[in-house]
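A, B and C are the chain letters, set down in written order, and residue numbers restart from 1 in every chain.
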Amino acid sequence: MSRPSTRPAHLVARARTSACVLVLVLASALPAQGTLVLQSDFGTRDGAVASMKGVATGVDAHLRIHDLTHQIEPFDIWEGAYRLRQVTPFWPAGTVVVSVVDPGVGTERKSVVARTRRGLLIVTPDNGTLTLIADDVVEVREIDVTRQRLPGSERSHTFHGRDIFAYLGARLAAGQVRFDQVGPSRGTEFVKLPVPVARREGDAVHGMIAMIDRPYGNLWTNIPAAMLDAVGWKVGDTLEVAIAHDGRPQVVALKAPMVESFGFAAKGEPVAYLNSLLELAVALNMDSFSERHGVGAGPAWTIRVRRVGAARRP
Amino acid sequence: MSRPSTRPAHLVARARTSACVLVLVLASALPAQGTLVLQSDFGTRDGAVASMKGVATGVDAHLRIHDLTHQIEPFDIWEGAYRLRQVTPFWPAGTVVVSVVDPGVGTERKSVVARTRRGLLIVTPDNGTLTLIADDVVEVREIDVTRQRLPGSERSHTFHGRDIFAYLGARLAAGQVRFDQVGPSRGTEFVKLPVPVARREGDAVHGMIAMIDRPYGNLWTNIPAAMLDAVGWKVGDTLEVAIAHDGRPQVVALKAPMVESFGFAAKGEPVAYLNSLLELAVALNMDSFSERHGVGAGPAWTIRVRRVGAARRP
Amino acid sequence: MSRPSTRPAHLVARARTSACVLVLVLASALPAQGTLVLQSDFGTRDGAVASMKGVATGVDAHLRIHDLTHQIEPFDIWEGAYRLRQVTPFWPAGTVVVSVVDPGVGTERKSVVARTRRGLLIVTPDNGTLTLIADDVVEVREIDVTRQRLPGSERSHTFHGRDIFAYLGARLAAGQVRFDQVGPSRGTEFVKLPVPVARREGDAVHGMIAMIDRPYGNLWTNIPAAMLDAVGWKVGDTLEVAIAHDGRPQVVALKAPMVESFGFAAKGEPVAYLNSLLELAVALNMDSFSERHGVGAGPAWTIRVRRVGAARRP
């Protein structure tokens, strides 16, 4: 049985605008020139990532090189886009992020550098990776790949991660090339994937399972805290969750208390909560919702949430 | 067939006290201000760890950030505790370690910073992670989480790894906050898990399988070299090993030579040896003992070892 | 159906010597004193790698420590050798690489430091890891393990990765010990694994599957671009591929267009291409050749390639 939180509901109300605050405060952090962050679907079992880091170290041995993740599901541009959105708000201005999920490597797809509002640079194939931070992008430049390329790599067509993206990213991070020298500006034109938008409908909110929170198996939706605030749902309420895949019901009328964190439910019991991106999430305390209920993520996975019980209001 | 080592037994006797020496010598290493080491059960598939590193870089872009591991089995506090014990003796004074295995995140469980004898700081939820380095902890302070927290993160309750631990750890490593400013001292009071103690009983030693040495599948016990020295067992002796799970026999009367290293037995043959923490371990040379014999680790897994054959003494 | 590339064949011809150029240009990169790169088969689930990094940080907290990979298949010296060859050309002079795939740890096998033509140092057990960069090694010195060893570690015999290799590698990278102080020179004598050589035979080229390109499942052969150039095969040609394991056919007469990159074939269709090491590779676009056709890597896996269709020549 689930144990509803006894936390006062006004705590949630009080923090109504803190999603915005969170991002704004980070914007005031110190510049981080010399910081290079790498993301890919290369995995870490082979030498691909280490080759990228070698190239970057060859550009400037004093760069601080970090990994976002290299375990994006192969070719999964959506996941790459999601990780950029999840992580970039927490890196300081001046950080250069190289993101390479690139099924079209070596074909006619373009490569770009995007500059964000807060002064990060994202170096990436232009295939949709920027979708979920699109509002944050102030300018995109197309990489002139004949000039911005590791010398001697002209015959290599399947590893732009090393030959173009890591090399250029390192030179940007090291201050050896400026954003405006990368190639021609495209304003804010770049490839965007279709993005389902969460919406309110009567007394229910509808959204998608945007990501599985691994390794735990929690479900992260695209329903923002602001929408829950607008409908007036609070910690202590009881929500009813329905999940469908391609329109076919997968989870029916599952009840979960709205809590601040997992531990306010008994082990194995369902909870609804605001995740660390301040969006609605659903989990089993210390168990995998994704595995127990066979739920995945992506535009085909939709979720509908209603309130079926209210906490006592003060 | 196993090939017993031909190494002279006095080599073992001579080094009787080197477990202590090993730790003492390391204590004289240079301070490492600016070094931050992260451990968690977050895995590296998503953006959690990278968000922590972003926050730390925002605090001070010049921190040197390293990973202990992020592949602790989800919620396994014992494993987190074991890894701290395995690794912290090898990091220099001044290192700040952030350890987040935190099933109770966002509940009433407390958060602490522990200072060790050698001057490391461990930032962690107070849930047992410090158990296996308890003797090394000279003072614990409870984190005042209302003050020591990433500005703007007040509404986020499920990711203290990012919002509190990485942020505070980075500030400690950067010298922006001192240990005595973290919050009130608790002396040496903190949560400790029950720890089985190895013991001698007649001609046998009894202990537990404390950890599986992955990826190899070797069994690491909690039986220290000093206990083997005390009973007088030496390289070249033959040991008989019995392993039980919850009291039920799992491995019966398996014979293994005491060797210096794996390669002194034939491929696939069992060996007993001192592992890199100078505790008794059992392995199959170039094979997985854990998988072959279905053996796991934890307090329920007990081991009994007797000597059934002695090497020729000089 | 596969869609052959429409790229002009002269692009391939023009770049005939760029494999050499690629390496030479990298040789002119800046020195990277203070850079330490670690490779092992330890995985990252436990504390082994973090212990190595702790020891290195204790030597000099300002070292920049990077991972090559730690997910070498346990005990697979061939894979370790392959990764060194794949990655070291992309790291600048002065880089110290520690490579520990060491089934014989603690036995009579020797330990060495190799210096390469471009001024990298490789610290490793002498068990074959240097095989695939043998031409690049100008001098090898045997490590005097009684002197070059973490103080206090004398009783530990199963973790030279921490006690000898990381410690010495860090001291070399930090400039605390010079190459000529490591131990006696052995010239260029070191252990080499047998290496199958690709060869031309009539109108076919014969080679081996040298590595599976994970996580994608592409097959990387040991057939160099120069051999394809010599037989005159070009982008747009159609190749016929046969693969055998221990002489037994595994893949028979599979046709694949020679392309610049994956995306020039339809999803799931086979392609032949030059990989990022400028050797012949075979893949399914956005699918796993290795899994679909049950193909592995190593000396037992041989490949024969013929041209069965020619692109229109200008």
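Before moving on, here are some points about what is shown:
Criterion: a residue touches a chain if its C-beta (ideal position, glycine included) is under 8 Å from a C-beta of that chain, and two chains touch if they have at least 3 such contacts.
Everything numeric here is computed off the predicted structure, so don't read it as measured data.
When the CA atoms of chain B are superposed on those of chain C, the rotation angle is 120 degrees to the nearest 5.
Of all residue numbers used where chain A meets chain B, under half belong to both copies. The two sides are thus made of different residues.
A straight line joining the Cα centres of chain A and chain B is 33 Å long. Chain contacts: chain A has residues 44, 64 touching two or more partner chains. Chain C meets chain A in the complex at residues 12, 15, 18-19, 21-26, 29-35, 37, 44, 64, 66-71, 83, 86-88, 90-92, 94-95, 211, 213-216, 225, 260-264, 273-276, 278, 281, 286. Interface residues of chain B, counted against chain A in their complex, comprise 41-51, 53-55, 57-62, 64-65, 74-75, 103-107, 109, 150-159, 162-163.
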